[in-house]
Every structure is written in structure tokens, then in C-alpha cells.
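In what follows, chain A forms one complex with chain B and a second complex with chain C.
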Partner chain A sequence: MTLSLISTHTGSNSAALEVLTGITNAYDEYQFHFYNLVPVNDGVDWQFQVDTGTNANWNMYVTSTAHNAWHKEGNVSDDSEQNDTDDQQNADQAYINLTGTVGSDSYEALSGVLALYAPASTAFLKQYISRCVAREEDYARDHHRSGMIGTAASSAGSGETSAITRIRFRFESCNIESGVIKMFGVK
Partner chain B sequence: MPDIDKINNVAVADISKLDSITFADGQKVNNQDVSLVTDARVLIEAQTFTNESTVSFDSLGGTSYMAHLFQFINIHSDNNDVQFRFASNVSDDHQWANFVEIKHNETGTDDTSWAYDGSHDTLLNASTKEANLAAGLGSVATESLSGYLYIYGLNNTPLQHGKNWYSRTSHHSEDDYNVFTINQGIIVHDGSNANDAISQIDFTMSGGTFDGTIRCFGMALA
Partner chain C sequence: MGYTLISRQKVDFSNTPQTQVDFTLNADYDEIFFTITGFKSTWDERSCGYQFITSSAGSYDRPIQSTVWGQWLYAYDYSHGTTSYEHAWDSDIGEASSSSTQFARVTMGGDTHKMHSAASGELVIYKPQADNSYKYFLSDASNYNAHVSDFQQYQQSMRTAGYVKDDAALTGIRFVSCNYAGDQDANIAYVDIGMYGLS
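Up next, the complex of A and B:
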């Protein structure tokens, strides 16, 4: 078996779920599986940031892409588009949106997977790919993301590659009512 | 039933994990019920390399895996603005693929939605051996690509028609974009529905050498 469970993190009216240990050079790929995460408030984005352990400000430098597809109940609306509001340029240093808005009704939640590649590398920027599905206001949405993470401001490929050792997940502006994150190492 | 002292001549107390056990191997270990995974991913081969022009996985034949998963870790091109690509070793095979990418540059001055890129598509009967998995890779020291490729039915077992594949990669382009590439296609044999089993997959850049790690996993049948 090549997918090894490292830790489980359960939200219960939590401000954030932080993984502060276990991200090392033991694996070249870490997968974070999201199971039915629900926000306390309606209509908020699911986000993450990382840090190096010495910088605990959760403000690394990310260049990312974002694409959403959707379908509304009753076939009222269906389409897909790039989403400028969910991608980042290097200077933003903000939390990275893995979804668009997620609903808080009893039957609404998000699930998905984030793959973070070689976080312990000190040679390269860190690549990630994610895919999440979520529901809000009768919309089923499919969120595709990718990005590359630097640990200092971009300067044409230098000084950006300290090891990443920690990751923090949260909803944009409210607590996590419930849900589970499992971190796996892939080998 | 007595407890088991050793498995494969290793003391049970010394075993911290069990790999590659299939359902056929048994249902109890040390007289304890175990849940045996029947669709596990099995590591077939891992290659970490530098300055290679071709990275070959040449022992893929004769297995019954339903699919093969190739994991790409920090693939770094030694030449600027090149394509990362793959092909089979069967001489009459060629590729029929759709190449789609979305990208955003570091300074936030440009981004594009998913778009087919006809220059990297490969057409049926074009006799193109290689399919591009990503385009425009950068060669600056910190620039790389990571992601994965699934290929189904390489050995015609149990899938005997066409080798479907799809890939997802994220990379740092030569002009400082993050590029998310979704690609999917079929390895077509001799432009027809005839299919030979494939025993080797080769990865190359469109020019020059490259570095990184590629792992090949087999997706086991139940």
C-alpha cells in the first residue's frame, strides 16, 4: 500500500485545522483528503496557507490558477470558467482559495483532495494540484486548482525555496462547523 | 489456530507494516482478522535521475494491472521552453490526444482560462509517437513540474481496446506562469483498433536532458 495515513484532523466549531507536524522529507507527495467540511456561515471559501516553521505568519508567495464548473438544480445554469477572484499572483501572500463559496445548510458540504509535491525540497518551488466538489444554494460546483509556492518574494527563480513544514486550512471568514481532514504520504 | 511467530522468516513483533498482501494471501494475521486491500497501488519502479535524455520504464509487460500510475516529482528541464512528453515502445503506436491548459503569471498581469492548444494536440493517424504532457517548461534552477499520468490496460488485461490515458500536471513555465495542464488521449496502434500489449513507456523532453523523480505504480486487480 503506498498511501500511508499520517494524521487525522477533525473540525468542531474550529477556527482552523492546522497540521504542524509530519510534513517532512519522508514523502515526495502529501495528500490532504477533505471529508464533508461544513462552514458555520453560509457562502464562504475553503482556503489554505503554508509556512516554513520559522515563519508562522501563513503568508507564503503563491502563483496559482483557478477554474470552476457548475450545474444548478433544475438545469437552470451550467457552465465552467476560469475564476480570477480565486487565483493569486506572487505578491498577494494571501490564503489560497481551494473552492468558491460553500453552503452551510444541513445537506451542504465540501469534499476533495489537495496534493502537495515535495514540500521538503529546497531546490524548487512547491507545486500543488487540487480538486474539490462543493454545494451551495442548489449549485453543485467542481473546483480545479494548481499553484506553485515560494517562500520568499519572486526574483526570477532565487531565494524562494525553503522547506515547507506546516499547513493550515480554514474557511474564509468563519469557523469550521464540522468535517475531517486526513493527511496521507504517498510513496 | 495457533498464533503465527514469523512471516516470511521475519518475527511478527518486528513487522511494522504489511505491503503487497492480496486477498488471496489470507484473511488472518497472527490470528487477528485483517482487512486486506484488493485494489492497492503497488510500487513497480522508482527512478531518480539527472541529465537524462530518456527515462524508460521497460518492465511493464506481463502483468495484470488494470492501470499504471506515473507520479512526477520536480521534473526539471535542462533546456528552456521545451515540452515534457511520453510514448510507448511499440513501433506502430501513435497518439491521439487533447491538450488543455490554464495559466496565471507571477505578477498577476495575465491569466487564461482552460483552452485547447492545437499546437500540442495530436491527431488520429498523425503517426506522432509522443504526446505532450506539458508545454513551455522553464529551466531556471527553481522551476519544475509535478503531477501524474494514468494509463489503462497496457497489457490488454482486462481492457483490450485502446490504451486510454489522462494526466494532470502543475509546472513553472519558462515565462514565469503557473500552468495547470489537463491532457487525455488514446495510444492508437497502427491507426486502427488493433492493439499490441505495451511493455515500455518512455519519458523525454522535446529537446535536451532533464532531472527529477518518476515512480510507476500498478493498480492491482481485485
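Up next, the complex of A and C:
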């Protein structure tokens, strides 16, 4: 497997980090690596949405699953679960939670990776897998996500006709204080 | 630039078992990616453990907080449990200060009864050189346990996420054989570890 760095995106009190170019049919898989992303406010979700370039509303149709695991310092609390708060069904057209809450206290951050498969396909739903680690309120948190993205509602039954060309990352309700996203193409 | 092989170390059955395998962490990369292949201890029911050192710390004993979840399946009858939290393999920051719980575990236990029993996996550390953040990591490992009896053959997976609660740059990592609590004992009979950098 060979990763080629396509672009680097740095947050500095940014509302969002957008990748508006470089997602094409040149690669079968794109990976977005997250390095120490920190929200301005405490306890917010890290999210993404995509679009086709012609629809710039960041509201594609997503069906997703979410699994979380956590362990609080001092062995106070630990568990793991399938989480229906962070999953999404086709009709929602909302931003997809890649994490549960992320902290903004000193030295807190999130890191991880999102893999997006065959975004240029016009035949298939676009699939993704993500895994992130974060700290919030003395918890180590593991967030595993997977899903598929449609450019039309599945109830339309018309199949997939549009390629995804852009992606947008943000924290749920605040700016990105700092951190870096790197986009790689995979061959 | 894609993944770059920085170094590779191998403990083979043809060599003397090793007490530890140490790597110097390179500050030139955004993430350090380890492939851990075929881990096997000289003692029964041991895990591949790891710990970190910094330039200001005197030993491999940094506070690690981690969460672990996984699944298992018996090869004998295909019985299995549900995906669940794995309490025995997580780490708490307080444990690193005691030698009996010092090492975090990247794999579940392995057995020495059958030659084909071993554990393999991956560990990625993000921005180990950062001095303004704790050091975050993810791992994913597979283990095949093989006790004496045929019905005691089972497969486990183990996914770990956590952080090193230290704002100093990590300068090294040590892999050892340890018991389920994180106490280094026995030696590494076999492991092949590759360290890659990504930037």
C-alpha cells in the first residue's frame, strides 16, 4: 500500500477545514489523517460531510454505525457500546459524528483517520471507515465509525449517479482551535 | 510521502530469547506506525507489552490511559461472546508507577502449548514529538490462543485507544513480554517489529 500526500489543512480558530480539490478518480481510496485537533469549546463532536461540487450544501445522505469505548482515569468508569446517538440514517442529511465529545482542556486533543472509498464511483454508495482516539474529562475514548454515503435518497431507487468531490470537517458547535488534517491518496 | 520504513527488529526462535525490544522514536514524522508480527513469549499466557520513555524520564514508565474492546471465538465449536469491553487489558495512569502493572498490552495473551499460537497487530502513535499535547495512540491486534486441549483453541481481537499523559516528547518505546496485569516477565521468543514513519 502506498500513500501519497495530496494536501495539508491546518486549523487556527477555523470554523471548518474544507478539502475542495483533489478528490477525483485518481485514487480508489482517500485517507484523512487527523493530528491533535483541538476544539475551542469543551465537549463537542468532530464531524464531516461531503458534497458533489454542484450541490454545495453539505447535506448528502448517510447511513452509518457507531461504536464507542471509554475508560476514565482512576479506573472510575469504563465500557463500550454501539451508540445510536452518533449513528445516522439515510434521511438525516446531517453532519456525521466521527467522535463523541472531545475535550479542550490543556493537552487534550483527538487524532485518528478516516478512509473514504471510491468517491468518484457513479455506480455505488460511497463507503467510509473511521477510527479516532480522544481525551475528554479524564476519559480515554475510542470512536469507531463506518457508513455509506448516497448522493440521492435511497428511497428514490435511482442508484448513485454523482461523484463526491469535496469534504468538510468541523467541530459540532465551535471553531477548530488548532490541529492538522492531511489527505493521502492510496494505491 | 507515504510510509517510510525507519527500522525493523526481529527476535527469532533461532536466537536467544530477548528481554525487550527497544526503538528510538523519530521526531521527523507525524505518526509512527508499528507492525508487530508473530509475537510469542517463552512463558504461557503472556502478552506483548509496551512502554514509553522521554528525555526527562529515567525509565520506561510513562502514565498511560487506554480503553480496550474486542471479540473472541472458539475454533472448536464456533461459540463466541458479544463485542464487549475488555477490562483485563486496559491501562490506567496510576499503573505505570508500579513494576507489577507497568506495561500496557498491545495483544492479548498467547500460549506456548502449540507452535501455531501467536499474536500480531498494529500500533500507531500520533505526533510523539509534540510538547503541547498528550500523545494519542490506536492499536488493533489479533491473537490465536492454543491451550493443551483441542477445544481450547480460540481467536481474539483487541482494539485499544488511549494516550500517554505526558506533555514531554516521547523519545523511545520498549516492547516486552508481560503478564495480563502488565508485569514484565519471561522473554520474547519470537516477534518481528517494523517501525514506519508517515508525514
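Here is the rule we go by: the second predicted complex is superposed on the first by the 181 of 187 C-alpha atoms of A that agree within 3 Å, B and C clash if a C-alpha of one lies under 4 Å from a C-alpha of the other, contacts with A are read in each partner's own complex, and residues count from 1 in each chain.
Here, a contact is a pair of C-beta atoms (placed from the backbone, for glycine too) under 8 Å apart; a residue touches a chain by one contact, two chains touch by 3 or more.
Keep in mind that what you see is a predicted model, and the values were worked out from it rather than measured.
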Report for A:35: first if it touches chain B alone, second if chain C alone, otherwise both or neither. second
Applying the touch criterion given at the start, work out whether A:9 contacts chain B, chain C, both or neither, answering first, second, both or neither. neither
Thinking of the overlay built on chain A, is A:133 touched by chain B (first), by chain C (second), by both, or by neither? second
Looking at A:73 after the superposition, I want to know if it touches chain B, chain C, both of them or none. Which is it: first, second, both, neither? second
Looking at A:144, would you say it contacts chain B, chain C, both, or neither? Reply first, second, both or neither. both
Please work out whether A:117 is in contact with chain B alone, chain C alone, both, or neither, and reply first, second, both or neither. first
Chain A residues where the chain B and chain C footprints coincide 1-3, 67, 80, 144
Would you tell me which residues of chain A are touching chain C in their complex? 1-5, 33, 35-36, 38, 67, 69-71, 73-75, 78-80, 107-112, 131, 133-135, 139-144, 180, 182, 184
Under the definition above, what is the set of chain C residues touching chain A in their complex? 1-3, 30-31, 65-69, 83-85, 87, 90, 92-94, 126-127, 130, 132-134, 136-138, 159-163, 165, 167, 198-199
Quick check on the complex: what are the chain A residues that touch chain B? 1-3, 28-29, 63-65, 67, 80-82, 84, 87-92, 117-118, 121, 123-125, 127-129, 144-148, 150, 154, 156-158, 160-161, 186-187
Complex contacts: residues of chain B adjacent to chain A: 19, 37, 40-43, 71, 73-74, 76, 102-109, 111-114, 138, 140-147, 168-172, 176-180, 182, 213, 217
